[in-house]
Every structure is written in C-alpha cells, then in structure tokens.
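Note that chain A is present in both complexes that follow, paired respectively with chain B and with chain C.
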Partner chain A sequence: MNAIKQKDLILYSGLIILGLVAPFLFSAFKVQLTYLCVLIVLAMTWNLQGGEMGYNSFGNILFYGLGMYLTASVQVGMFFPLAEWTESGGEKTFVHTTAQYFQGIGVGLLVAAIVPTIVAGAIGYAILGLRGHYFAICTLGLGIAAGEIAGGIEIIGAGQGFTTPPFPAEIVDPEARGQFFYFLSFLVLVLAFVFVKYIYGSRFRLILNAIRDNEDKAEAMGIQTMKYKIVGWMCSAFFCGLAGGIMGGLIGYIDSTDVAFDGREMGVFMVLMAILGGKGTLWGPVIGATLFHFFKEGLWTFILGWQYVALGVLIVVIVVYFPEGLMGWLREKYPDRFGEVIDEKDRKAQVEIK
Partner chain B sequence: MDLLIFQAPILMVQASLDGILLGILFALIAYGMALQWGVMNIINIAQGDLVILGGYIAYTMYLVGIHPAWGVIVSPIIMYFVGWALYKLVINKVVDRDLFISILATFGIAIVFQQLMNFVFGADVVVAQSEYGTTMLFDNSVTLPNSKIFAAFISVIYAIGLVIYMRRSRLGRAIRATAQNARAAKILGVDTEKVYAATFGINAALCGVAGALISITLTLHPYVGLPYTVRSFMIVIVAGLGNLPAVALSGMGLGLFEEFADYILGTEFRIGAVFMLLVFILVYRRFKLSKKREYLK
Partner chain C sequence: MNKLVKLFTIFISAITLTIASISSSFAKVEGEYIVLGSAISLTGKYSSNGVHTQNGYNMAVDRINKMGGVNVGGKSYKFEIIYYDDESNPKRAAQLAERLIKQDGVHYMLGPYSSGLTKAIAPVTEKYKIPMVEANGASRSLFTKGYKYLFAVLSPANQYLEVAIDLAVEKNGGKPVRIAQAFEQDAFSQDVRLGILDAAKRTGSEIIIDDKLPKELNDMAATLAKVKATKPDVLVVSGHTKGALTAIRQISEMKVDVPMLAMTHCDAAKLSKQHGKNSEYALCASQWHKNLSYKDKFFGGGKKYDKDFKKEFGYAPPYQSAESSAALLVFKDAFERANSFDRDKVRDALKTTDMQTFYGNIKFGPGGQNVAKPMILFQVRCKGDSCENKVVAPTKWASDKFYHPIPKWSERS
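After this line comes the complex of A and B, so read on.
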C-alpha cells in the first residue's frame, strides 16, 4: 500500500514540476498550454456529472460562458461604467492600472466561480428531474438559449461582442501575460484535480455511481438523490465558471455565440474529451483532453477550413466505435492493472451474480 | 406589451396567420422525427440539417433555372437516398445503443452537414424566389405571401399521403409492426434492417419536402439547422409519438408562439425564445409527472 502511495507521490510531484517548468521550456506554446489546462479542467468536471452521475449534459457551456461574461463584467464594472465600456468597443477610453487589473480579475474570477454554482443549484431542482436524453436535450437548449439571449443584451455588448480589459501596459515583459494566464489555469487545474481526486475516494462518488447505475434503486435505498445530483452539478459549474473566466481574459474578446456560449466547439469538446479518455475514470478525461488537444492543434493547422468536418467525423467515429474510451479499452484489456480494490470486488461480485 | 397586442389587431391577425402557416410546416418536420423516434428509438439532432440540405437542393434548382416549387418533388427523392446512405453508414450502428450515443453521433453528423453545406453553398443567407406574389387581406392591411399558403398546402398533402401510405402499403405495415415490437416483427419475417433504412429514408424525404418549402417561404443558411431540430423535438414531446392531429396542433401552437415572441420580444430573441420554450416545456412536464412520482421516459 505504502509503495503505491510513494509511486503516486513521484508521479504527482513529477507532473507538478513538469507543469511548473513547461511554460519556460516551451515558451512559444504558453497559450496552447493554457488551453490544455482549461480543457482538462472542463473534461474532468464534465466527467464528474456526465461520467460518474450518468447525467450527460450538453449545457455545461452555460456555466463556462456565464463565468466568462461575469469575470469581464466585474473586472470592468468595478472601476468604470460597464455600458460606456462596451459602447466604446475597441477604442479604449478607459485604461486599467496594474493594480486595478489584478484586483478586477481576482474578484471577477471569484464571482465567476460562485454565481454559476448558485445558478446550477437554483435550476438544478427543475432540470435534474429530467432523465437521460431529455436532460441532454434540455441542457443543449439551455446552452444555446443562453448564447442567443446574451447576444441580445446591450450592456454586455450584444452581437458586437465584449472586449475584455487588456493586460496592463505597465508590465513590459512580453512573456508576463502568457505566464500569468498559464499559472492561473494551472492553479485551477491542480485545484480541480485535487478536488476530483478527493471525490473519487469519498462516499459521494459511490452515491453518484449509484445514481448512474439505477436511480430508482438508489432512491429506494434511502439516498436523497436529488440533493446529491444538484451538488454534483454545482461542483461542475464551479470549475466551469472559473475556466470560462480565465479563457475570457486569455482570448481578450467575448462573442456571445462564438466564444462564450460556444456549444459548437467548447460545449462538444468537453463531452468528447471525456468520452475519448473514458467516462467515469479519474485519469480518462485528463488523457482524453491531452490527446484531443494535440490532435486538434495538429489537425486544425494542416486542414484549415476542413476542421469542422474532421471534428464531426471524429465525433461520429469516437462515439460509434470507442464509446468506452481509452481507459475503458485499457481496462478491458488489462483488468488487473486497474487494481482499485473496490472495483475488483465489485467485478467479482458481478461475475458471481451472472 | 399587452398594449401592443390589443391596440394592434392587424398585427395580431398577421402574426396569427403567419404562425399557423409556419406551424404546419414545423409539424411536417416533427412528423418525420416522431416516425423515426417511434420506430428506431433515435433522436436525430441532424434533423434540422437534413431540412436545410433539402432546402439547398431546391435552391440549386432555382439557380439552374427550374422553378423552386418543383423542389417539393425532386428534393424528397434525393433526400430519401441521403437518409438511406446515412443509415447504412452510421445510424445502423447506433440503433440498439444508448440514446445518448445516438444524440452525440447525430450531433457529429449535423456538424459535418453544416460545414459541407457551408463549403458548397457559402455562408450567405439565401432564398429561392417563387414569385407567387402576395395575397392582401382586410384592405391591404394584412399581407400573406402566397408561397406560405402553398407551403402549408403541400405539407398537408404530404402528411395525409404518408398517413395513407403507412396504413395501406406493405412497407407501412412493416414499419408500424417494427415500431410496436421489433423482435416480434423480426420473428414474423419482417426485415427490420430494411425497415429501419426505409424509415430513416422517409424521414429524410419529409425533411427534404419541408426544406424545399422553407427555401421559398423563409431563408436558408448552413447553420440554422439546430432550431428546426429543437422545434420538431418540442412538438413531438408535447404531442407524443404517432398522434398526427396533436402533432399538427402543437406545430401550429409553436408557430403562433414564435410569431408573437418575434413581435413582442424582438427578432433578436426569436431563437432564444424557442430554446427557452423547450426548457420550459420539459420542466413543466417534469413537475407535472413528478406529482405522480413518474418521470419523462
């Protein structure tokens, strides 16, 4: 037992060191690395309720976009009138000082994490009462409706988009911006991983799995399924909001349907990455997101113009031929390598029942 | 807001007529969705994109110089084979699987379709001119494009024709048998694989008709498919599978809702209102069913 833990310790510290030195080693790819961190966070937290709880949501993009708009709005609104900012568009009539910028983004990210969580809790009771594909379609509708509605609201830029505050000009180091966002996203990634890892060892995960496997039975066993479903969704929403906030700052420009509530890209990506890696595993989404990101970046530049066709074909191929994902495939092939004690017992018990 | 409705009766008549005529068109798409949902247990997210593709077929005819109204005959024939090919390529692998798999797979198909249409037909909003003119009602205060009346008329003809076909023909009976119990139908000698392919083809053909009608009444754009999917999904969950009068009625209801949302909230919120209505309908049904301790299945 101790040996495994030591192995884990080496693995984790190795990964953290790699994460810390990566922006200096591959300094040209800082933005890509930031994307990667955000994608992993999104995949991991989608997996929490899509893979573990069995509630396949297309609508987590709602929290992502909400976080994005909230961070930018708070960052601007704390110091300047928001309406005038969006009206002036690209022409910068207001300039954030360095202190203002960091204060703004700090508070903004805090708001971006808390408000989507509250929203998830508030709508959770109504939405999570739907099951299976009704839940999937309803959340799909929510995500798209949010984009369409945000595109009609004047104060956040409507259809023209919203320019987020630029990185303070007083910091002359050209590397600073990329490093700031990278370490921010890396911090969120570490937080998310620790949190998900903690959940994987807790009773909460077992309850989520019970809901996935048979919700009626779980309810009959005395589990207040609705409560746990809402909490599960709120966990997802928290990190989605944070990820959205970071992405908003990184991209520097928020469009209602193409950047924030981007169901066609980000909203599908998070589902796809989790499925590619393997739903319902700790490492699956991480590996899936990493693979997907490399694949996407390679593909996007080589087949410029055809990327969405490739994406669509990729979705079909993954979903039709690899619905279990990479980890699921590995697990089937080398079951003894996945020596989680509980799983093993479970599997044996299942075999006996059969 | 209320003032607008009561002080502008002309607007109200206009919106109601538009809504009802549009709703019949939506009902036709929804009928196709109900058919393949009922028979194959698949929710086809690409439904709307099949509609748009059907529309582009009619639009191509218009560009070549043939009157786009002939699209209501040509487009379903082409779309039948598109649907059939789609079934053979992808859908037959997801028929017996989890519904979520079929949703995601058809979502992927939808993205491919959108992008290919974008390549072939460009990202501009296009419309095929039918040059049917307009009918003026009530002292020229209500204008009604004849193409809309034509669209509703054709939709009704196709719907009735399909109902008769499903009742009378051998294939229709095989489809209905498969919908009731696929296994039993198989035992009794129905080639279910063929039935599924035909069902998906018929659904695509209906989408083709609807698309051709949309190309002359509304506008076409590669990326507007998803709202049509959502509309037909909504109509189906309100009306239930295989209840044609209810499908027609809820289609008209949706058309009315949309036109009024358009007038009252503004055009920029039209699509948003459609999607919000979907959420509200689902949540309403969920609360209603939860009183009986049931849920939407």
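After this line comes the complex of A and C, so read on.
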C-alpha cells in the first residue's frame, strides 16, 4: 500500500512540476496549454455526470457560458457602467488599471463559480427527474436556449458580442498575459483534479455509480437519489463556471452562441474527450482531453477545410473500436494492471465453452 | 499500478518531445518572402465569404509577385500567406492569431472574414504590436477601441444602408417612412442596424418591425408575415450571404409586396444568378462595384479585375474579394514607403497611407477605418432572364436610375 502511495507521489509531483515549468519551456504554446487545462477540467467534470452518474449532459456548456459572461460583467461592472461598455459604437473608452483588472477578475471568477452552482441546483431540481435520452435532449436545449437569450440581452452586448477588458497596459511584458491565464487555468485544473480524486475515494462516488447502474434499486436501498444527482451536477457547474470565466478573459471577446454557449463545439468536445479517454475513470478524461487537443492542434491545420470530416471519422473510430474509451480498452487488455484478478482456470473454462 | 505509472511517464515524455519538435518557427521575412498570416473561415457559417476573401488575397499575392514584388531596401521580395481555418468561430480565430504570431513567427497579419472574428483577433495583434490590414471587419465598434495596429480598407458597417433610408425618404416626397427591419444577431448586422436607427432618427422615420434573426439563418417567415400585415415602406434585411438568400427566397415564395427592399451581401450571395428575376429590384449596399472608375497599375480598373478574377476562379468577384485584394496593395505600398521590415515603421507607413486602388481610395482615419471611400448602392435589374447589378447611388457613379416602387408580385411576369 505504501509503495503505491509513493509511486503516486512521484507521478503527481512530476506532473505538477511539468505543469509549472511548461509555460517557460514551451513559451510559444502557452495559449494552447491554457486551452488544454480548461479542456481537461471540462472533461473531468463532465465525467462526474456522464461517466459516474450515467446522466449524459449536454448542458454543462450552460454553466461555462454563464461563468464567462458573469466574470466579464463583474470585471467591468465593478468599475464602469456596464451598459456603456458594451454599447457598440460607444465613443467612450474605459481602461482598467492594473489593480482594477485583477480585483475585477478575482471577484468575477468567484461569482462565476457560485452563481452557476446555484443555477445548476435550481435547474437540476427541475429536470434531473428525467432519465436517459430525455435528460440528454433536455440539457441540449438548455445550452441552445441560453445562447439565444444571451444574444438578445443588450447590457451584455447582445448580438454584438462583449469585448472583455484588455490586459492592463501597464504590464509591458507581452508574455505576462499568457502566463497569468495559464497559471490561473492550471490552478483550477489542480483544484478540480484534487476534488474529483477525493470524490473517487468517497462514498459519494459509490452512490453516483449506484444511480448509474440501477437508479430504481438505488432508491429502493434508501438512497435519496435526487439529492445526490443535484449535488453531483452542482459540483460540475462550479468548475465549468470557473473554466468559462478564464476562457472569456483569455479569448477577449464573448459571442453569445459561438464563444460562450458554444454547445456545437465545447459542449460536444467535453463529451467526446471524456468518452475518448474512457468515461467513469479518473484518468480517462485527462488522457482523452490531452489526446484530443493534440489531435486537433497538430492535425487540423494540415487538413484545412476537412477537419470536421476528420473529427467525424475520429468519433466513428472511438465508438466502434473503443466504446469504453482508451482506459476501458487498456483495462480490457491488461486487466491485472488495473488491479483486477483473473482466475486463469475460469478464463480457460470459458474459452473451452466457446 | 507500476506499469500504469510507466505507461504514463512514456505518454508524457512523448508529448513533450512532440511539442519540442514542432516548435520550429518561420521568420517574418524568410529569404525573399514576406510572410503574412491570416485566419480565415474555410468551414462554418462564413465559409463562402471566407473563400471569397481568400481568393481575393491569393489573386493579389500572385499579381504583385508576378509584377516585381515588393521593393524594400533595393531588394525585391515576394508575398506569402500562411492560412489557418478559423471555422467561423471567434474563439478559434483568437487562438489561431496567437499561433500565427507566436509559433509561426508572423509579423504582419491580414484580417479574417466578418466583424466578429476581427473583434476577436484585434486584441491579440494589438498585444503583440502586429500591424493588421483587414478587409472584412466593418463593425463600428472596431474603430472606437483605440486600436493602433488595426487598419481597415472598408467603410464602417453603419454606413451600409443609411443611404437607402435617405433614398426612401426622398422617394416619399421628403416625408418620413415606415421601416421594417430584420437583422442577424452578429456584430456586423447589428451595426448595420445602428446605422438604420440613426438614419430613422435623422429623418423622423418610424421603425415598425425590428426583428432579430438567428445566426444559422434559414427562415424569416415570421418577419415576412408581419411585413405582409403592416405594409411598411421599406424592408431592410442584413445577415451576410445566408440572410440575402433567405430573404429573396421567402419573399418570392410568400409574394410579399414591399415598395423597397434594402439588403447587404447581394453580390456575395450571387443573387442575380441564383434567384434571377425573383431578386429583381433588390437594393444592395456594396463596398465596391466593377463599374466604378478607380484605377491602379496592378489590376487596372474594376472591369479588368472582374475579368481576371472570373478567369482565375470562375465566378464574378463580390466586393469581399475586391477589398481583400486591396488589402495587399496597401501592405505593399506601406512596406515600400517604410523601406523597412520594422513593425513600427510599417505601422507608421500604414497610418499615412493615401492611395488609389482599383477598389477605391484608401486613407485611414484615426480609428483605422477607411475614410476616403463612399459606400455604393446597386439594384438588381433584369433584361429577359439575365439579371445584373446596376449602380444607382451615389449619383456620381450611377449607371442606371433607381427603380421605385417595386411592382407588386401580381403585376410581375
């Protein structure tokens, strides 16, 4: 037991050191690395519903977009009139001082974590009674509806979009912005990982699994499934909100349907990444997101115009050959490495029967 | 567990190696090439206009390279463009701009298609002090942000259809008109809307329908039903290529009678070809038309550009292509005047640009917008079955008279 712990320690400290030096080692790739952190957070928290609880949610993008708009709105609204900021063709130019910028984004991220969590609780209460496909379709609608609604609210820029505050000009180092957002996203990633890891060792996960495997039985066992389902979704919403807030600041421009409530891309990607890596595992979404990001960044520019076809092929390949994801595939191939004991006699007996 | 850790270590080191190996970078000027970068919409909702833009860029690169290239410091250089596909998505565009600058080492940028994407890229180019000449971001809010490295060869979006309202008022005997309008929910179309609001205020006109259209635009029947019921004097529609196509298709299907129909993107949508007589009398805002008499030594005039473009790409150039070609002429001119590849010198040279191209005069205002070129309006007119875009305003360029009001569908053959 101790030996495993020690190996884990080496692995984790290695990864953290890698995470800390990465922006200096691969300075030109900071933005991509930031995206990677955010993608992993999204995949990992999606996995809580899709993988552990068996509720395939396409609605997590709602919390992501909400977090994005909230962070930007708070960051602007704390110091300047929001309506004038977003008014297109407005002649006034507002500039955040360095202190204002960081205070704003700090408070903004806080709000971006809390509000989506509450929203998830409220919506969850209303719709988590739905199961299976009905839940999936319902959440799909959530993201789309949110995008359309946000596109009509003038104070957050409506169809014009919302330009988030530019990084303070007093910081002249052009690398500073990239580093700031990288470390912010890395911090959120570490928090999310520690949190999910904690859940993996808790009774809470077993309850989620019970809900996935047979909700009626779980309920019959005396588990208040509704309560746990809602709490599970709220946990995801917390991190999705944070991830959205960071992305808003990084991208610098929020568009209602293309950036914030981007169900067509981010919303699908987070599901895809979790499935690619293997849903229902701790490392699956991490590996899935990493591979997916590399596939996307590395290959897409070489097949200009065909990247979505390639993505389609990827999805088909995943579904046909790796229905359980990479981790699931590995687990099937090398079960002993996952701590599963196989009775050789039993296996042979089964082969003979076939 | 042991093996798993090993597996993971291998995985991580493989990734590290991959990153390290692909981080080779281009230089801003490589050998005899000046490398420009552009994220362009080759897929997604702006893909057709993205391709128009790319064709415009490519056409100008070929032409300039063939005709002696760019002379800097007594040496001749050629243009080369690195393209990425931004998938019509601002998030992706911002990321690709970062990539072009940081990883590909691009020091000069060409704009993407559409205002929204330009808005996403401008903060990035501004941060790294990369001069960007853009030809397809017309939103007014681009020019009020105090950007120093952004230069647009086109007139701002709010000017697109303002003239149309003035024209309607004039035809109405100087009396205010009743306006129905429907705009896509994107930065460009919403800016066109602001222009209409200004014009309505100025002329005392009343806006009786003010609808928003979704981004993936393929139906506006609800708006048209209202138009049928309320009978406005002018119907204004803007929503890029899809908006123009949808409007004409449904207006002709539903036989909506309206005295004046003003739109954007008619030429990019090839309305006169695709919808023929159904699109007749539509009034369209355009940055450029081949009949204008501007000239330069690379493309000759508009008519010659039209001919060469048709030969090269097999269709008549919409203004999106023309303005994109003009962007490269601006860059060439700035490089030669700066006589240097220093980014700030090139920027200063861009700032003092004052030239004529086949596309129009180009001179940048304090916000980076082109202040030397008016918008034009053309109207689709048909002879028999062949339809053409005829310039009707401003009067200086007009080849035909503005036909008003549009005859009722029951009277049209």
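FYI, the second predicted complex is superposed on the first by the 332 of 354 C-alpha atoms of A that agree within 3 Å, B and C clash if a C-alpha of one lies under 4 Å from a C-alpha of the other, contacts with A are read in each partner's own complex, and residues count from 1 in each chain.
Here, a contact is a pair of C-beta atoms (placed from the backbone, for glycine too) under 8 Å apart; a residue touches a chain by one contact, two chains touch by 3 or more.
None of the values given here were measured: they were computed from a predicted structure.
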- Which of the two partners, first being chain B and second being chain C, lies in contact with A:L282: first, second, both, or neither? neither
- Query: Is A:F26 in contact with chain B, with chain C, with both, or with neither (first, second, both, neither)?
  - Reply: second
- Query: Of the partners chain B and chain C, which touch A:L70 in the superposed model: first, second, both, neither?
  - Reply: neither
- Query: With the two structures laid over each other on chain A, which partner does A:V319 touch: chain B (first), chain C (second), both, or neither?
  - Reply: first
- Should A:Y308 be classified as contacting the first partner (chain B), the second (chain C), both, or neither? both
- What is the contact status of A:G252 with respect to chain B (first) and chain C (second): first, second, both, or neither? second
- Task: Considering only touches as defined above, state whether A:E148 meets chain B (first), chain C (second), both or neither.
- Result: both
- Query: More chain A residues touched by chain B or by chain C?
  - Reply: C
- Check chain A for residues that touch chain B in one structure and chain C in the other, and list them. 148, 151-152, 158-159, 305, 308
- chain C residues touching chain A in their complex are 1-5, 7-9, 11-12, 15-16, 18-20, 22-23, 25, 42-43, 83-85, 87-91, 94-95, 98-99, 102-103, 116, 119-120, 123-124, 126-129, 139-141, 144-146, 158, 183-187, 189-191, 194, 212, 214-215
- Item | chain A - residues contacting chain C, complex | 4, 7, 10-11, 14-15, 18, 26-32, 35, 88-91, 93, 148, 151-152, 158-161, 163, 166-167, 174, 177, 247, 251-253, 255-259, 262, 265, 283, 287, 290, 294, 298, 300-301, 304-305, 307-308, 330, 334, 337-339
- Listed in rising order, the residues of chain B that touch chain A in the complex are 43, 90, 93-94, 97-101, 103-105, 107-116, 119, 226, 230, 233, 237, 266, 268-269, 271-272, 275-276, 278-279, 282-283, 286-287, 290, 295-297
- Task: Using the touch definition up top, name the residues of chain A that touch chain B in the complex.
- Result: 56, 126-127, 129-134, 136-138, 140-142, 144-145, 148-149, 151-152, 158-159, 264, 268, 271-272, 275, 305-306, 308-309, 311-316, 319-320, 323
